[in-house]
Each structure stands twice: as C-alpha cells, then as structure tokens.
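Got some structures for you, see below.
In the two complexes below, subunit A is the common chain; its partner is subunit B in one and subunit C in the other.
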Partner chain A sequence: MSELNEEKQSVTVPPASPPPAALGKTDDGSQVTRRTFFSWLSIGWIAFVAATGGFFTMMLRFFFPNVLFEPVQTFRAGFPEDYQVGEVDLRWKSKYGTWIVRNGEGIYALSTTCTHLGCTPNWLTAEQKFKCPCHGSGFRKTGINFEGPAPRPLERYRIVLSDDGQIIVDKTKKYQQEKGQWGDPEAFLKV
Partner chain B sequence: MEAFKHLIDTLSKPTILVSFTFLIFFFIFPPTDWFEKWHRRLKFDGLWSVKSFWIISVLLVGFFVIGLSDSDFRAIMLKPDNVPIAGLIFLVFFFTWLSMNQAYNNDKLIEAGQPVDEQYDAPNDKVLVWPDLVYVELITIVLFSAFMLVWSIGLPAPLEEPANPSESPNPAKAPWYFLGLQEMLVYFDPWMAGVVLPSLIIVGLMAIPYLDNVKEGSGYYSFKDRKLSIAIFMFGWLVLWNLLIVIGTVLRGPNWNFFGPFEFWDSHKVEALTNINLSEFVYVKGMSTGLPGNILLREIWGIILLLGYFMILPPLLAKTWLKNLFERLGVARYSLFIVLILAALTLPIKMYLRWMFNLKYIISIPEYFFNF
Partner chain C sequence: MAEKKGLLKRLAEGQVWTSIFRGGGVPKSRRQRMMVVLNSVFLHLHPVRLPKHAVKLKFTWCMGGLSFFLFLILTISGILLMFYYRPTIEYAYTDIIDLAEQVPFGIMREIHRWGAHAMVITVWLHMFRVFMTGSYKPPREFNWAIGVILLLLTLLLSFTGYLLPWDQLAIWAITVGSNMARATPFIGSEGPGAALLAIGDINFVTMSSDIRFALLGGRFLGEATLLRFYVLHCIGLPFIIMIFMAVHFWRIRKDGGISTPV
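Take a look at the complex of A and B:
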C-alpha cells in the first residue's frame, strides 16, 4: 500500500500537448452543410419509423392466430329435463366454464369466473353459495354477489332452445345484472 | 395446553390482533414527544436492550417449539411454502432489534456529547476493496449457495397436478411476498389494490428523500432525531406489510376465511359475511327506500366522504394537529406527504369497516368499473 502511494507521488506530470488547431477549420472539400445533415437525419428517422412500424404491424398478426386451441364458445347442453329443479349443475364447469342452474321458472347459465379477480369459485351445496377461494367473494345461487370484495354479480350467458329441443349456451354473449341485462329473454330460458 | 391454544386462537381474531397491534405500536415506536413520554413510562425503551433480545428470542422459539406439537399448526408452518415466513418472523425481529439497539446507543452517545458509533474516521476506517471486501463477498456467495442447495433439497418445491383454470386451489394463496397485496385485495377493488395502491407504495418510497428533509440523523442510526420518520416507516413496513404477510400465511384458510393458528382448516366453516355498500347503508338501511336509479345520486354520499377525506382533511390537519409539520415541510411537501399517508391509512380504515360493519365499498359504480 505504502509502495503504491510513493510510486504515485513520484510520477512526473507530462508536458501539456500542443493545443489543437482551431475547430471547424478542417476544410478539405467534404464539409457537411446544415441542409445535407438534416436531409440525412430525416431519411434516417423515416427509415427507423418505417422499420419499427412494419415490425409492430407484423407483431399484431400474432394476436389473430389461424387456429385457436380453445373449446368452442357455443355448446349444446342437453335437454331441459336433464337438469333438476333447484340444483346447480357442475357437469359443464371444467369443459366450458359454465354452471347451469334450474329454478322453479327456468334455466340460466352462469359464468364460472369470479368478478373480482377471475378465480373459479366453488359451489358449496350445504351453504347454497358460490365461494371464491382467492379473496373470499361469495355469490348466491342466482349469481348475485353478497360477501367478500366481488364488486358485481356473476355474468350470465345467452341460453336458448334449439329446434330439436336441446339447450344451447352461447358464451360469446354475456348478460350483466348491474347493467340490467338479466331481464333479456335470452338470458333466462323459461321452461 | 388447550387453554393456551384457545387463547392464541382468540387473540388471532383479526379485530383483536390488529387492534392490539395498532394500540401498542405507537408506544413502541413513538412518533411524538407525548408518545415518547409514555414509551419511557411503560418501559418500552428496554425492548431494544440485549437482555430483551434474548428474552424475546427464547419466547419466540419456545412458542414455535410448543406450537409444532399441534397438528394444525404443524400443517401450516411446515408446509415448504410457509417455512420462509417462520424465518421472516425471526429475521424481521432480529434486524429491527439490531437497528433500534444501535439507534438507542447512538442517542446515548449524542446525549453524552460523544461522536456516534458510525462516525467515519478518515485514515483509520479505510478498508481496501481487494482483499477485504471481495473476500467477504466470495465467502458469502459460497455459503449462501450451499444454504440454498441444502434448502431446495430438504424442502423441495411441491409437484402438483397440471394447472386447470376451472379448479382454483382452496385456499388459493399468492407467493408469500405478495400475501400482503392479496390481503389488500380482500378490501378493495382489483384496480385499487392491484394497481393504484401498489404504485402509491412505490411512489411513496421514492418520495422519502424529498419529503424527509431533516438533516439530523442522516448517515447514522438514531431514534430521537427522527421519531416521526421511523414511526411512519415502521408502521408501513411492520404492520401494513409484514403483519399482513403473516396474517395471509397463518390465519387465512379455505374459502379465504379466518382461522386461528391452532384451528382445524374446516372448508365448511360457515361465516356470515353479507357485505353491503355505503349507498345501501344510506338509502336502504337509513332511509328505508330503494336505491335511486341515478348513479351520481346513488353514490353521492361516498363521493362526498372521499373528497372530504382527501381534500378537506389535509388543510384541516395543517391548521390543527399537524401545524408544526406543515410549517416545517411547506405546502408542496406537506400536500404530497399527507395524501400518501391518507392513502396508506385507507387500508386499515377499510379493514375495520369491513370487519365491524360489513361495509364493502364506499363508492360502488360497477357499471363503470369504479369501486373504492
């Protein structure tokens, strides 16, 4: 350590190099004018924007894949007689994310996605409620939220009868209670 | 033994646990002279002595050793995911104790007119990067890698069934370091608890050097010079972050219900938690009428309450309780400070409103995805 310090102190300062020639005096015929500089700058920027724009346009294509490995959004759910009055039917839960519930008047299809943060609630038969395991939201059999942080009721899917008498559930069309859409004739299948 | 477990389970009820923490916290970390007077009178200043360290450590270890004889406690604490939480409890206590002990020692030194412990003594305190620092780093890397290796072999990550969007595990817990945020999500709309409040936490931490312009106590540990800063930071760090992680790990069970640490995780435990919004309190319970159809008319009470909280309360406090602080910080610093503090306090406020009155949202406009 002490050696290093001594060495440092013994180094002599080299003589200052001669000052450089005055700036801007390098006149050898290849001087870039302001106009040429800006032309090249513009060309460069346009090329850059075009390249990035093209790249992002191509990337957009990935949002629309040719094949979707998802279950179909519309499915036949059997005949109304297959469903017991007063019961929440779990048979389409894992495949299509839908609960089918039949009450005294008819049938409706509930989405299995919690309206708080999107977990899948469990149907608790003994307590007659859907209960979300993530943040404790609870929904009644109708889908109305009544406990925990869920801000709005479960969504209902379009449900109609086909010509052969089978139930068709269409998940592309959703009905939200808070928007007053549950009164829609296709949100509830009268049986 | 059963009586002890029952006592712990009762004390772990969120209302009791959190109320007790809030009550005792500001006497342990006194923000003002009044609190400090009681802090000394209640002998909390002895908490940071070496003797207290050993007493508390032995009590903590004893609690875990006795607790592990209980199968329900064992099931929670020995789950590989939750082992870090036991470590966290000890580590947070150790480092809090270490820094507070150092701060109190320095306070004594300052009082006696001596230089603080961290006083930099130019030639004598000089340390070389090579070999002093690099060797320490190397040894740390080797030891830590060995520790991680042993840990990952001893407590392997569980191999579970393939992910299935239609089956959420019950309870579905976030990684342990996010359990505070998950607890926050129970009381707020996902937008608030998932985006706005976490951003405010980051902004608030970034704003500390700007807000805290006290020169004393900079560069060394001390408590007397920075009572308010330490009390506020410790409240956010120990109570609103670490306590919520521990609550999320130990006390949250199936269906996200509260369970005591020695209570069996019964997934059929029935908790009646019918929550209602402020608008329903006012119109349905208060005036015995239906909710008005107009959204603005329906939510006007919550909007008034929230505007009052964030816009009328700060100037009111600046004129009364926080007069000295306002004068020291100036308008810009004070405004930022008080808005951040009030935003942080919405969490405990909403927790209590939920537990005591089953209040869900103060403003609830699900039609436009706005809930507070």
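Take a look at the complex of A and C:
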C-alpha cells in the first residue's frame, strides 16, 4: 500500500515529505527512486547468481577430462590363426582387459572384469577355470559363473573380422549371457 | 616506599602481553577470568566453565576429544609424509617403502596409518556413545546431523588414503569400492534411472560420463585416480572436515555443553 502511494507521489505530485537522504538527489541531480534502486539491486543479484552458477558449472565440468591416457577401447588382436583351439589366450589381458578364447567353432572375447565387484580373475589352466582372487568367484572357460559370489557370467565383447582378415575387439559393445545376447552374430566370431 | 612489582606481573601488564591477550592484565575477578577465555580465538571454542559432572569419563568416554586429538596427529604426520611421498605410478609404492626403511624414524607412516585406523574406531564409538546417552535429542539434533557428516568425511578420508600406497590391496580395494559408485541413482552408469537420461540411442550417463568417471578421472583406476585421491586426501576433504568440525565444536557449547542434560 505504502509502495503504491510513494510511486504515485514520485510520478505525479512532489512528495509531501522529503525522501530519505540516501535515496535523495545524487551529485548529478538525478533522482534515485525506490524503484530504480530495487531494479539495480535485482540486476546485481541476478548477475551475481549467474556468474556464481556459471563458475560452479565450470567446476563440475572440470572433473570430466576430455582426453584419457588409457588404452583404446577398440583394438586389433591379430589373425584367427594366432589362437590355438581350446586355449585361453592371455596376451591382451593386462593391456586391454580381454581374454581371447578359441573353441572348435570360433573365437570369443571375454571381459576380465569379475561380475561380482570388478576384480580381475586368473585363468587356472590345470583346473580349466577363471578364479577371482578377491572373493573366490569361479567361471568356466565359456565365462559362465559356477562358484563363489559372482551373480552372472563374464561379459563378452564385440568381435569381428576387419577387411585385412585381422580380429577387431570392440569393448564399447558388451554382450551378456543372462540377457540372451551371446547369440548375437557379433558376440562370437565363427572361424 | 611503593611495593616493587615482580617480573611476571610487569610482563603481564606490559604492552606486549596486553596487545597479544585482549583484555590484558592479570585476571582478578571471575568476570575477568571469563573474558580471558572468551577473548582468545583458541580458548573460546572451549566452554568458559565446565560442570564437574560433564567431564565424567563414564558419560563421555572422551571419544569426541580423542577423535579430534587423532585428527591433529594425522594432520601433522600427514603433512610430514607429504615431504617424501610422490603420487605417481612410478614412485608411489617405492616411496612408501622408503618412508619405512630409509626416512629417519621410519615410524611416521605407521603413526599415520594406525592413527587413521584409531580415528575411524573412535568416531564410531563417539557416535555410539552419543546414541546411548540420547544426546541427539533437541536442541542437539542439528549437531547430530553435523556429526553424521563428519563420520562420512572420516570414512572418505580413510577411503582416499587407502589408495595412496598403490599396492595390490590398495588398487583392488579402490576398484571394488569405486564400483559401488556405478550404482548411484541417475548419475551412475548402472544405477536406477540412468537409462532415463537418454535421447533415443544416445545415453548421457555412460561409463565415460558418470559419477565414477569423475571420481576416478578415467574409465579405470589409473594414474589420474591416484592424483585425484591424493589431492582429495591431503587438501579437499581435510578442508571440508575442518569447517564442519568448527561448527560441531561450537554447537556443542551452544547447545548446552558436553553431556549436560538439557
């Protein structure tokens, strides 16, 4: 109510009582009204909040690097003849986290990440199984879990042949047995 | 003949003393003694007067005080370790061995390690004591919430420090621990709701853009993770925990002191 009165006063008639000194005439004679003051105050606050918000957004984005110094996600794994039938190949285990396994029908690429909590199991040739050292999960050569706390089989990666006849393993695409994805043509390379 | 003032008295009334200790002079009345405490930045965190019953060991177990004491030990020993430890894959593991075998008084790292274990224990026992004495009830409920945050920060400090030795235990413990971050709702790539944040086939919360990625600085545990955890362990988390500790201690006094029924 009082705001309305003051507004009327400033626009139409001279104020009955002089405005407070701080909001009165400035040096150059211009009038700083209550309305101008709050407009500038609002603009100031909006600018401050926008700048602060922008900086916090920058801070958040700062934690997501653009370039990773990690092995690439897709790699060439040599020719099918490089792999023996019935063997689990360990040559890409430490760099790319992949086991290449060849059986009578073809080749598949197994993830070395245990499906329990993410450790790396070991291939035990004598017992023909993958055994995780962290909590004892065991997997068959196919990747199917059969002992320990692992809730599901190891994942397989996309495996295809390139034009030059080399095997390409693509880790960005995963196939999970429990979802029935191992039947996908690119989850298994027929040789 | 006027009585000659003793050396201590002259010191206490001199300019040096009175400029350092506000209020000045030797306190003579109860009010002046109280002002000495209130006017010192260090003493004022502590209450001016303590009821006799409040410091009974069977009420407090002294677990809060012990936690703070261990925090000081960990801060000092941790800063000392930083003079020798380099957070890189090349040096981290061997620097830890050096700290035990070659650096003078090879126990500094052990003090830090055992102090850290002890602090986790005392913080848990402190929480247990506060629960058993019902000290979470109004007007102390806000300080209980601050205390829960402090417990969480203590565990995070413990977790980030765990990785720094860069041995098998460290790497796999942090691998397992950080895999839990995948299950964070909405911002973890395997968490509930993550699939909702997608347009058609394009997923925005993936292994390369979720909360675990930000924590590790990559898709897998590596050099970036070691550096991130080092910075969080030495600068980030201690800075945050000190702010909450200041509020915690101040509220203890404001909410009626330690273990006084209110």
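Quick note on the criterion: the second predicted complex is superposed on the first by the 134 of 191 C-alpha atoms of A that agree within 3 Å, B and C clash if a C-alpha of one lies under 4 Å from a C-alpha of the other, contacts with A are read in each partner's own complex, and residues count from 1 in each chain.
Convention: a contact is a pair of C-beta atoms (placed from the backbone, for glycine too) under 8 Å apart; a residue touches a chain by one contact, two chains touch by 3 or more.
Computed from a predicted structure; not experimentally measured.
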Touching partner for A:65 - first (subunit B), second (subunit C), both, neither: second
Contacts of A:178 with subunit B and subunit C, given as first, second, both or neither: first
First (subunit B), second (subunit C), both or neither touched by A:151: first
Touching partner for A:117 - first (subunit B), second (subunit C), both, neither: both
Winner by number of subunit A residues touched, once subunit B and subunit C are compared: B
Which of subunit B and subunit C A:56 touches, first, second, both or neither: neither
Residues of subunit A that lie at the interface with subunit B and also at the interface with subunit C: 97, 117, 119, 134
Touching residues (chain side subunit A, partner subunit B) in the complex: 1, 93-95, 97, 112, 116-117, 119-122, 124, 126-127, 131-136, 138, 146-149, 151-152, 178-179
List of subunit A residues in touch with subunit C within their complex: 63-65, 68-70, 97, 117-119, 134
For the subunit B and subunit A complex, residues of the former touching the latter: 128, 164-172, 182, 185-190, 194, 254-257, 268, 270, 273-275, 360-361, 364, 366-367, 369, 371
Residue ranges of subunit C touching subunit A (in the complex, touch as defined): 172, 175-176, 179, 208-209, 213-214, 217-220, 222-224
